[in-house]
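Order of writing sets the labels: A, B, C, D, E and F. Residues in every chain begin at 1.
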Amino acid sequence: MYYHDKRLQYPVTVEKPDPQFARMLQQAIGGVEGEIRVCMQYFFQAWGNRSPNPKYRDMLLNTATEEIGHIEMLAHAVALNLDKAPASLQAEGAADGIVGAVMGGERPRHVVEGIIHKNLLSSGLSAMPIDSDGVPFDMSHIYASGNLAADMYANVAAESTGRVLAVRLFNAAHDDGMKKMLHHLIARDTMHQNQWLAVVEELGGAATQVPIPNSHPQSEEDSENAYRFFVTSLDGTAPEGRWTSGPSIDGKGEFTVFRDEPMGDVPNLGPARPDSGAQNEQIGKA
Amino acid sequence: MYYHDKRLQYPVTVEKPDPQFARMLQQAIGGVEGEIRVCMQYFFQAWGNRSPNPKYRDMLLNTATEEIGHIEMLAHAVALNLDKAPASLQAEGAADGIVGAVMGGERPRHVVEGIIHKNLLSSGLSAMPIDSDGVPFDMSHIYASGNLAADMYANVAAESTGRVLAVRLFNAAHDDGMKKMLHHLIARDTMHQNQWLAVVEELGGAATQVPIPNSHPQSEEDSENAYRFFVTSLDGTAPEGRWTSGPSIDGKGEFTVFRDEPMGDVPNLGPARPDSGAQNEQIGKA
Amino acid sequence: MYYHDKRLQYPVTVEKPDPQFARMLQQAIGGVEGEIRVCMQYFFQAWGNRSPNPKYRDMLLNTATEEIGHIEMLAHAVALNLDKAPASLQAEGAADGIVGAVMGGERPRHVVEGIIHKNLLSSGLSAMPIDSDGVPFDMSHIYASGNLAADMYANVAAESTGRVLAVRLFNAAHDDGMKKMLHHLIARDTMHQNQWLAVVEELGGAATQVPIPNSHPQSEEDSENAYRFFVTSLDGTAPEGRWTSGPSIDGKGEFTVFRDEPMGDVPNLGPARPDSGAQNEQIGKA
Amino acid sequence: MYYHDKRLQYPVTVEKPDPQFARMLQQAIGGVEGEIRVCMQYFFQAWGNRSPNPKYRDMLLNTATEEIGHIEMLAHAVALNLDKAPASLQAEGAADGIVGAVMGGERPRHVVEGIIHKNLLSSGLSAMPIDSDGVPFDMSHIYASGNLAADMYANVAAESTGRVLAVRLFNAAHDDGMKKMLHHLIARDTMHQNQWLAVVEELGGAATQVPIPNSHPQSEEDSENAYRFFVTSLDGTAPEGRWTSGPSIDGKGEFTVFRDEPMGDVPNLGPARPDSGAQNEQIGKA
Amino acid sequence: MYYHDKRLQYPVTVEKPDPQFARMLQQAIGGVEGEIRVCMQYFFQAWGNRSPNPKYRDMLLNTATEEIGHIEMLAHAVALNLDKAPASLQAEGAADGIVGAVMGGERPRHVVEGIIHKNLLSSGLSAMPIDSDGVPFDMSHIYASGNLAADMYANVAAESTGRVLAVRLFNAAHDDGMKKMLHHLIARDTMHQNQWLAVVEELGGAATQVPIPNSHPQSEEDSENAYRFFVTSLDGTAPEGRWTSGPSIDGKGEFTVFRDEPMGDVPNLGPARPDSGAQNEQIGKA
Amino acid sequence: MYYHDKRLQYPVTVEKPDPQFARMLQQAIGGVEGEIRVCMQYFFQAWGNRSPNPKYRDMLLNTATEEIGHIEMLAHAVALNLDKAPASLQAEGAADGIVGAVMGGERPRHVVEGIIHKNLLSSGLSAMPIDSDGVPFDMSHIYASGNLAADMYANVAAESTGRVLAVRLFNAAHDDGMKKMLHHLIARDTMHQNQWLAVVEELGGAATQVPIPNSHPQSEEDSENAYRFFVTSLDGTAPEGRWTSGPSIDGKGEFTVFRDEPMGDVPNLGPARPDSGAQNEQIGKA
């Protein structure tokens, strides 16, 4: 079960509210690389974890719980960017401030253009679980496969795209408070990338874990094609690299190049059944 | 641009059609771990690839093109499992066969229960771009970040969950033709897992690539917190492992444990604006 | 604006309630071929209709309004199939009837398996705006392009897939009341297919309307490729038919066959920008 | 920020695992009436709360944090129902147990039919953020309007449909552990329904809060139609009740009945523009 | 079944077309607080209504039918705002008007920026069933639970967020015709809020209806926790209010405060099964 | 199976990159009228094709394969419009170019406003499988009904809305390279519209194919209502046209006008069941 502290994980301040930047921050909340995704992903991986060793569930719970605090920080940052932060300026804001003008009815076009979105109309200038284009987050992005190594790589991918996003936001930010908040989130992504890779390494690295799942006997796969790079380019040339020759990364095979060609037949499903809702011509009825 | 050969990449046969297994195979077509996902993911990564070295675009195109053939194989397998494969049995099937009975109007309940889904009603017993629960694939699952290393880990995750799925289908299959098809797909997933990890290794591995993106100076992140495992457990105990002590995986820091606590204040957005659509009590109006 | 009559458009009765059939009927409510789709599609086409002749708006409104009544009929049919229709049997149904058993807590497995879905849990045995797999209808399927001819073909497609679905349901139905309701809906789909094609014919047919939009001067398209069938098959053979030779359907060109080949260059986006969140290796930084 | 305790909020045990019931429980996790919805809804309402009085943010945080623990309990219940609970039975389960048979490859049809869904293929017999039909939860269901009273009614609605769902699951459950878990969740829903209504009452009830938002002067609405029940029935009869006569609930008007009729004109958008992609006939071009 | 009148429910005029405002109005059509939602919600509640008293079905049908007319009005308003309203100005519009410029190819950037969305490209400057960010409405937002009181609160919530939205649009509007249309819609929301609350009051109010569903014996819930406010704040302080002491709103209990703590154990799912697609290390295989 | 050539199907060049136009082009990639839709639709129609004549599968494969190349061209065009095309200008671009300014941190507001979307944050200035509003494409738009004629009309609709979209983009484009690319795509849509109509004509046209499906005996439909135009307008007037009198398009009936009226009864589902989660008042319990 869970507890909260009313304070934020890390300071969040905004000196110059910027509705455009608020919208960009939404990507870090409800984007597929965002914090709702990692938070829920780690929770579902923890809750469904099966292992003789309970420490993986514990580890995942710690980081999942940390991530709720990240969503909270970003939600606060969005609200501050949509608002005049100091309460004493609000009356003035409503009269002639940039955002306030919109609410007050004057609505200069060049200002409105940036913030007519749902954050104004649907949430009253607060954060929403949507991305920077207003698309709501959908939970199919929670990858929890029941396979620990697959999940760790999914987590590395999530934290890598997450840190890429945070860096892009950092580069776009002009407010010192926002830069400070982001430089903390970037650091935590550094830790989390290392953390998930550390699990793979602790378990023996690629030599032990790959191909995932390692519990399926490789004798039952089509071993002839297990370490071949398939070339589909009509000119037959392969883009050469670490993946076209030498030992495979898992140490269980040798990379080679194969010019791809059909090994199967032309498929033919034959005529449609009577009463299947097809046309007579498909059924072969005159 | 692209070409096709009418033949299949690999043989696909079904001796004993099984509508239930057809539905399970749908997960490998339109599930988030399925073949549409990897096919489109590699295409978009290729088409958007920016690099001084054009070989990454080429490599991605080869594998993306291979994956179209995988969707095709699975779509054929679904249709065969929903159908009597040999054309000469179709008339009989319509009269008294298992699936045919449904179409012919007799509909024994125990048979219908498995296949009332959209594959019958919407596609006339063919494959659809949906998962095993009938949920259509949605393209937000195409991860193409513009960062090569982040994309490679996203691809490893995709091929890992993909091979886990293929193994589960292999274990559930009872038809030899289906087992043969799956043992080929499992092998290709082995190759692709190795392939994407090979790119990371060619570029120098974690020591060079992590934290992703490596183009952002680490001096600009909150370095104090960049290699700390945050503990949120109220009892203060950390699940110890490779991630709590020793050098970090990227070789740029040292793992330590930190008992998490708030570093920020209690957030307070103050009263709502007049005319913002809030209640009077939020605005502070009597 | 709109009015209602409490009575149904057409009689809907069920003698032998069948929860499985209720689920199949859901496809005709919330499936992409279903009645919500055509109803809303015709309304939005009407409401956005621009034309010197107001009769197209009128015609669309008549049929859109008729379609609300179809959703209503199907919703009633779903509820009846999930229920014991005669009120006097309800007490008995709760005790030992097929569906009632589920609600009463006994839940024989073979019965429950068919109806554990959202119609039980979320709506209390009534219809929902979902398809036969429980996927909610989403309004992106409302095609209203602002082009009258494009819309008419979208409507023909909707009524064609809709009639295919209704026929499949008719073939699967075993209750006389359900067959009667469906034989009415099938007839209305016949009318509507003819109706939308009649608009195209009234406007002059393909010779006047195709290629859609006909307001764009064909001199501004790549006329060399406007009536060529492109062959991508590696063996170079074209599937011959009405589309490979002879005058085009719109009468404005002659069908020919073209063996497809690249007319463009190899694309190359070059290195990534500094500060773009890419890896150093993509940027070309040492 | 947030903390966790490794223990569960309330005991969760399963004596007789039942994959069908696991699927039904998914509705309480990822259904629109489920726990992810209320958890995230209360969090976003808290994080965006604007008010002179900070206690509303605090109150919402307490209940949001409690709800994470509910998701956790249900996720554990799903995993237990998909599994043989006692660890010592697992080997046996794989050999001849009900669920195990599926994984081991024997797959008796009548068992498989219930659990071929994504919980098997995608998560390896664990909980997922999906509903009982496998549809992933989508965050557009998080209602946080920036208006406190509107949010409270949205919360009452969420807890009401949530308790209805929990009662249906309680009635369907046959395992004592599951009944016990649900009888706790039902009680918490009782509290939360009362809690949100208590906020409205504390603020003065309908007399002060309705119509929501109460900050918009009612003099600016079409007051003639503000308390009229519009009848669209062609027979002109109104369903009489508390809503057709007597003082309105907010005490600011008197209910009356109005037979609806058009007050506007026939809309006409005129011809389409040249170059708008319409047909010539819409533009009025010969 | 249903009928239409070609005229609008209420006058809709626009003197100064404003594409930005058209986009904002889209939220009232296809947003989760919009008119499609309430229209379809009331229809599905009516069509699935079970009650000894048929008047609830009738009442819901009247209001659902009214709401179709609201969608129609808003759709007309969107089209007018995307267009030059007076037909005689269209030619001029195409040449040098604000919107026309876009279609004619000149496209001054500051104008285009607001309307490059789907309303231009996909519908030819007409309304679509999308929200102000272009996200299509999805029917999972139709709450029809089979429980009358739960549905009434869902309707109050819908009309409350709906009126909040309409007020925000009214405040943002600068065209007198738009203000007039909105002041009618705001009034109807006033009526509908009162109407749904009137149903609850007619049935006896909270004392009779809460906790919803009232058909489940409260003796079967965890009564110890049914009226306790759970505090998860680590400092143990409760936000005091009507919800922490005194009689509960339903009159069936007494509010108290409880400092939350775990009542359950640490969950442990044990090792994964062989052949489940997990890693060897999870299974406990050497 | 499939092959690729590294070169593009047709030349794609951009002289003056325009981020706004990049966003508009996204509609042609991931919009419901876009190229992913037709590509995948033709593939699934081909893979599920049942017919005595295999040429329909072949024909569909040729055009599906062609369409991959269209997505590729558009993806390249989006990337070029988001970028400074000539590599030598990139450094300058980062310093003071229009787009580069954003990445470099200066971010003049009027520039940022157009491109804060996911193409910047999520893909690093490349194409994504989303539409012009950032909504991801979802595969429910792949219509493959198992009925050849229904599919052909769905394809005509897709190519018609597709060509309408391409024309709107052509009219909005100001770059010669973009105009050239689009004039090729417009021509291909011309061919494809003709191609799908050619299939219907080859099969005998409406006289043979309509009503779709033609395999269902029309004697089993409600023939009285199969060619009647239903009028729901309260004034009873029909919008007269080809659809109100004369022979039907399929030649199998005669169009007439029918003033719509209820043929069914008032539906009544009676009281709710005990234990169904309804309110006592619905069940009829005192």
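Rule of thumb we're sticking to: contacts are C-beta pairs under 8 Å (C-beta built on N, C-alpha and C of every residue); 3 or more make two chains touch, one makes a residue touch a chain.
Just so it is clear, the structure is predicted and the values come from calculations on it, not from any experiment.
Under the contact definition, chain A and chain F share the contacting chains B, C, D, E.
In this entry, A-E is the pair from D-F, C-F or A-E that repeats the interface of A-F, since more than half of their contact pairs coincide by residue number. Although chain A and chain C share one sequence, what matters here is the overlap of their interface residues, and that overlap exceeds half of the numbers used.
The most distant chain from chain A is C, comparing centres defined as mean Cα coordinates.
In this structure, the chain pairs A-B and B-E differ in their number of contacting C-beta pairs, and the larger number is found at A-B.
Averaged Cα coordinates give chain E a centre that lies 27 Å from the centre of chain F. Between the Cα centres of chain A and chain D there is a gap of 25 Å. Counting only residues that touch two or more partner chains, chain D has 1-9, 32-33, 47-48, 50, 58, 61-62, 65-66, 76, 79, 103-105, 110, 113, 122, 124-126, 130, 133-136, 138, 140, 145-147, 149, 161, 164-165, 167-168, 171, 212-213, 216, 232-234, 260-262, 264, 266-267, 269-272, 274-278. If touching chains are joined by edges, the resulting network of the protein chains shown connects every chain directly with every other. Residues of chain A that touch chain D in their complex: 1-9, 30, 36, 40, 43-44, 47-48, 50, 58, 61-62, 65-66, 68-69, 71-72, 75-76, 79, 122-130, 136-140, 142, 144-147. Those residues of chain F lying in contact with chain C across their complex are 3, 5-12, 32-33, 55-56, 58-59, 61-63, 65-66, 73, 76, 79-80, 83, 87, 90, 93-94, 100, 103-105, 124-126, 135, 138, 140-141, 143, 145-147, 149-150, 153-154, 156-157, 160-161, 163-164, 167, 170, 183-184, 186-191, 193-195, 197-199, 201-202, 206, 210-213, 216, 218, 220-234, 238-243, 248-250, 253, 255, 260-267, 269-278. Per the touch definition, chain C reaches chain A in the complex via residues 164-165, 167-168, 171, 275-277.
Residue ranges on chain F touching chain A, taken from their complex, read 1-6, 47-54, 57, 102-105, 107, 109-110, 112-113, 116-118, 120-122, 124, 130, 133-136, 145-149, 203, 209, 212-216. Within the complex formed with chain A, the residues of chain E that make contact are 20, 23-24, 27, 31-33, 110, 113-114, 131-135, 161, 164-165, 168-169, 171-172, 174, 232-235, 260-262, 264, 266-272, 274-285.
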